[in-house]
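Alright, structures below, take your time with them.
Shared chain: chain A. Partners: chain B in the first complex, chain C in the second.
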Partner chain A sequence: MTTGARNALLVGAVLLLAALPLVGDTYALRLGTFACMYAVMAVSWNVIGGMAGYPSFATAAFFGLGAYAGGVLLSKGGGLAGALLLSGTLAFAGAMLLGVVLLRLRGHYFAVASLAVAEVLRELANTATDLTGGGMGLNIPLAATSGGPQAEASFYFLLMWALLLLTLGVVLALERSRLGFGLQCIRQNESAADMIGVNATLYKSLAFAISGVFVAMAGTVYAAWVHYIEPPDVFDILFSVKPIVMALLGGLGSTAGALLGAFAFLAIEETVWRNSLEIHTGLLGLLIVVLLLFLPNGIVSLARRLRGSGASGG
Partner chain B sequence: MFLLQILANGIVLGCLYACIAAGFSLVWGVLNVINLMHGSFIVLGSYLAWAAYNGLGISPWITLLVAAPLFYGAGWLMQRGVLNRVIAAPVLVTLTLTFGLDLMLNNAMLLAFKADYRKLILDPPLGTLALGSVVVPVDRLVAMLFALVLTAALYLILRKSRVGRAIIAVRLDRDAATLMGVHVKSIYAAAFGFGAAMAGCAGVLLALIFPISPLSSTAYLGKAFVVCVLGGLGSVPGAVLGGLVLGILESFGAMAFGPEHAVTLSFGLLILFLIFRPQGLIGRRGFD
Partner chain C sequence: MAELLRLESVSRRFGGLQAVQDVSLSVGAGEVLGLIGPNGAGKTTLVNVIAGVHPASAGRVVFEGRDITRLKPYQTARIGLARTFQIVQPFPEFTVLDNVAAAAMFSRGGMGIAAGRQAAAEQLDFVGLAALAERPAASLTLAMRKRLELAKALAMRPRLLFLDEVNAGLNSAEVEQAMALIRRIAASGVTIVLIEHLMKVVMSVCSRIVVLQHGALIAEGGPAEIVADPRVVEAYLGKKYAQASKAGA
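Here is the complex of A and B:
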């Protein structure tokens, strides 16, 4: 199957998801909202981590920033559209600025620095009690939807779903654009890319910003959806690691893989969580270890490997 | 003098930070692996000290003698069994792998010890030592001295012993070391073992000072990061200097801005150092 056909198939599948509010109960809608949120995170991370090859651990920073920026505005009586616009703009501008300095670092240094950004933001949210409520958390008023839990669940699911569609549209277009090509060059050999005229600093910063903007908006939707956020919840380092695991699960570097990996990850996570509450983080760790040791190219490679051995056997 | 007291607190803290970071720095410098389990190793060492003292009545100073070989062995096995398989893989893979292992270790500790804070309290207490107006608790002072001894021991092992020289050789030039007959995989295992042993021993010492909980592991890991970057990667003197700088800075910073900003301060410093002086205070450029 060509990449184009696979992408079309996956976008089609995502479009079909829109029918979920017609058939699903609130639990299914909750899962669906999480699926879309994870997919936004994984597809976004793939822009900087997969396409440009920079191991970013900043997803939690963007998510928390979006949750708090949007959450504060909502709690002060602002509208949801305004909150989304604010968090998106803030994340984009912040990432462009940070990117110019942070993306000069490579390898571990970049990973650690991006990790530190989340820690700093978490502490700022923790200590700016007047604005964010600090460690007490932030209550966000219910959105003015009438019609009970089912309508509310449908509303937030469709919102997250629309955000996923937007993300997919932008990232798939980016993949085919000059910027996407430039990022591939940077991943393979940054000095050489620089030499042939790719503006590496600008391209990397743009990739970083695009990887942040939709995650921040997802953070805002999340904050509005759950009505209560606190710093350790939305700046959780797991939000930085999970998208990486999803991208690895799906096969590093492709948007379709990240999308598939996000859905697969949620399925595994939900099963594990439901059946073994006490050891679910341990099992998540085990999943990561097994995945990295035995299936480093993702589940997509499993099919290829099986087919390969079948051909040689027959 | 009030300032002298803060300085003394900072130095005591700094020596312990040096001990935390020396092993972490060794693993990062030699293996090019950021061991995200380091914090959990430290907490595990604290639990060992706690269990030995409360269960068997063994003083923490003796526990150190057991902890060092125990953690060395565990670290050696971990490297030989798991990490050596992905040692040449990109940063993302090794980082995510140790994160996964840490999730398992931390979850196991939560199950075994629960999340409530425990405290190792020596009986009878060692009291305090007053030098003029500066007062230092004796248990902290002894812990600091042991931390310095351990760090110095690591330095001597790396300088003088056969395995230590081999570790340095692999760090400087892996291919050349292989050609000289160094078995790189077992040297990696030894380096990881030393890193784990330092973490375990640091944990034993920290049990005397801080409450013990599986949740403290990320805080310790954060300190190790900052100290490494401040002092310069992969060098023991760098870890000592970085530890002292962080300890003193945190003490004065807590006075100036309030203790709640300590983390922001140290991570802000971390980012500034990464950008403007990635080789650290006394590190050399070129080691990645």
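Here is the complex of A and C:
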């Protein structure tokens, strides 16, 4: 199966998800919303981490930024569209500026520096009590959806789903573009990329910004959906770590892999959590280690592997 | 001969090490200039200074009348400077074709992937790698990788091409092929600066030679002049040998 066919198949599968509000209860919708949110994060992370090869731990920073920027605007009476626009713009601009500085670092140094961004923003949200409510958290008024919990769950699911579709559209187009090609050059050999005329600083910053913009918008949707956010909740380090695990689980470097990985991760997480409440985090960690150990190239390599062993034994 | 590149008292210092020292040099359009010197003389550093990898600490680099001293590598790549690396630098996961396509695309604005691949195919034909176009670059032999470097550099449509030891590590048959290729590139009108240790290649390909030692230029002239120059002999073989060969001659 070519990459194009695989991507078409996946987009088709995501499109089918739109039928969930017709068949699912609120639990299924809640799960579906999380699935779309995780997928937005993993697919976004793959742009900077998988394509450009810069292991970013800034996902939580973007998510929290979006949650607070959008949340504050909503709590002051702004509309959802405006909140999404604000958080997306802030994340993009912030990432472009920050990228010029942060992306001079490579490897572990970049990872640690990007990790610090969420901590700084968390402290800011904690101290700016007037705006964010600080440690008391921020209440976000209920959106004007009439029709009870089912209608509301459907609304936020569809919103997150539409965001995932938008993310996929942009990232898949990026993959085939000049920018995507340049990012792959940077990942493989940055100084050689420089030498053939790739403006690496600009390209990396763009990748960082694109990896942030949809995550921030997901943060806004999340804030509106749960109606109450607090700094340790939305700047949770796990929001930085999970997308990386998902991308690894699905297959590093491919958008399809990140998407599959996000869905697979949520399925495993939910199953483990439901069946062993006390030790679920430990069990989840163990499962992921085992999966990565035996499937280092992720779920997307599974098909190739099966086909390979059938045809040529290789 | 119109001047293409001019170095005006260019120096580069790394901490306490003076890697390039007050080098002034002019490269004419269409010439094949040999840049030679013992190991550690600063040849590659000089190329890095011109390309913007390590900008000059002092002095000016002028290319086609324009001051490029402070330009970054990706900017010099876009105005017509290309180079091959002494240690080959392919994009290992890309195919041979995509390696060259990347060079074609990013060295000029606005070219898409399809057009880049088309331009790349032509260059692969030229250097004789067409049959390997779909192979991953990591699977090539050293001789083939050196040719890939060349194809990448040529795909950038350079006005000035630096060839940094393209023959190092090749056997004599491969060196012959590489020399023929260099002559064809020169004949197509590309100005070449050739960094080379194999004197056979330098003598037969270059129209003019400059010699670098301890970061400074010590001699300049035609191939025959250079091999007879006692300073050059001394740089390579030591003072005693230089005196002996002078007495003998």
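Criterion: the second predicted complex is superposed on the first by the 298 of 314 C-alpha atoms of A that agree within 3 Å, B and C clash if a C-alpha of one lies under 4 Å from a C-alpha of the other, contacts with A are read in each partner's own complex, and residues count from 1 in each chain.
One rule holds for everything that comes next: contacts are C-beta pairs under 8 Å (C-beta built on N, C-alpha and C of every residue); 3 or more make two chains touch, one makes a residue touch a chain.
Nothing here was measured: the structure is a model prediction, and the numbers come from that model.
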| item | value |
| --- | --- |
| Touching partner for A:Val245 - first (chain B), second (chain C), both, neither | first |
| Which of chain B and chain C A:Glu278 touches, first, second, both or neither | first |
| Partner chain(s) touched by A:Gly148 [first = chain B, second = chain C, both, neither] | neither |
| Partner chain in contact with A:Gly12 - chain B first, chain C second, else both or neither | neither |
| More chain A residues in contact - chain B or chain C | B |
| Touched partner set for A:Gly77, first chain B, second chain C, both or neither | neither |
| Partner chain(s) touched by A:Thr127 [first = chain B, second = chain C, both, neither] | first |
| Which superposed partner A:Arg106 touches (first chain B, second chain C, both, neither) | first |
| Doubly contacted residues of chain A, that is, touched by chain B and again by chain C | none |
| Touch list for chain A against partner chain C, complex | 176-178, 181-182, 184-185, 188-189, 191-200 |
| Residues of chain A that touch chain B when the two form their complex | 49, 55, 101-102, 104-109, 111-113, 116-117, 119-120, 123-124, 126-127, 237, 241, 244-245, 248, 278-279, 281-282, 284-289, 292-293, 296 |
| Complex contacts: residues of chain B adjacent to chain A | 28, 32, 34, 82, 85-86, 89-93, 95-97, 99-108, 111, 218, 222, 225, 229, 260-261, 263-264, 267-268, 270-271, 274-275, 278, 288 |
| Touching residues on chain C, where the partner in the complex is chain A | 51, 53, 72-74, 77-78, 83, 85, 89-94, 98, 102-103, 105-108, 111-113, 152, 156 |
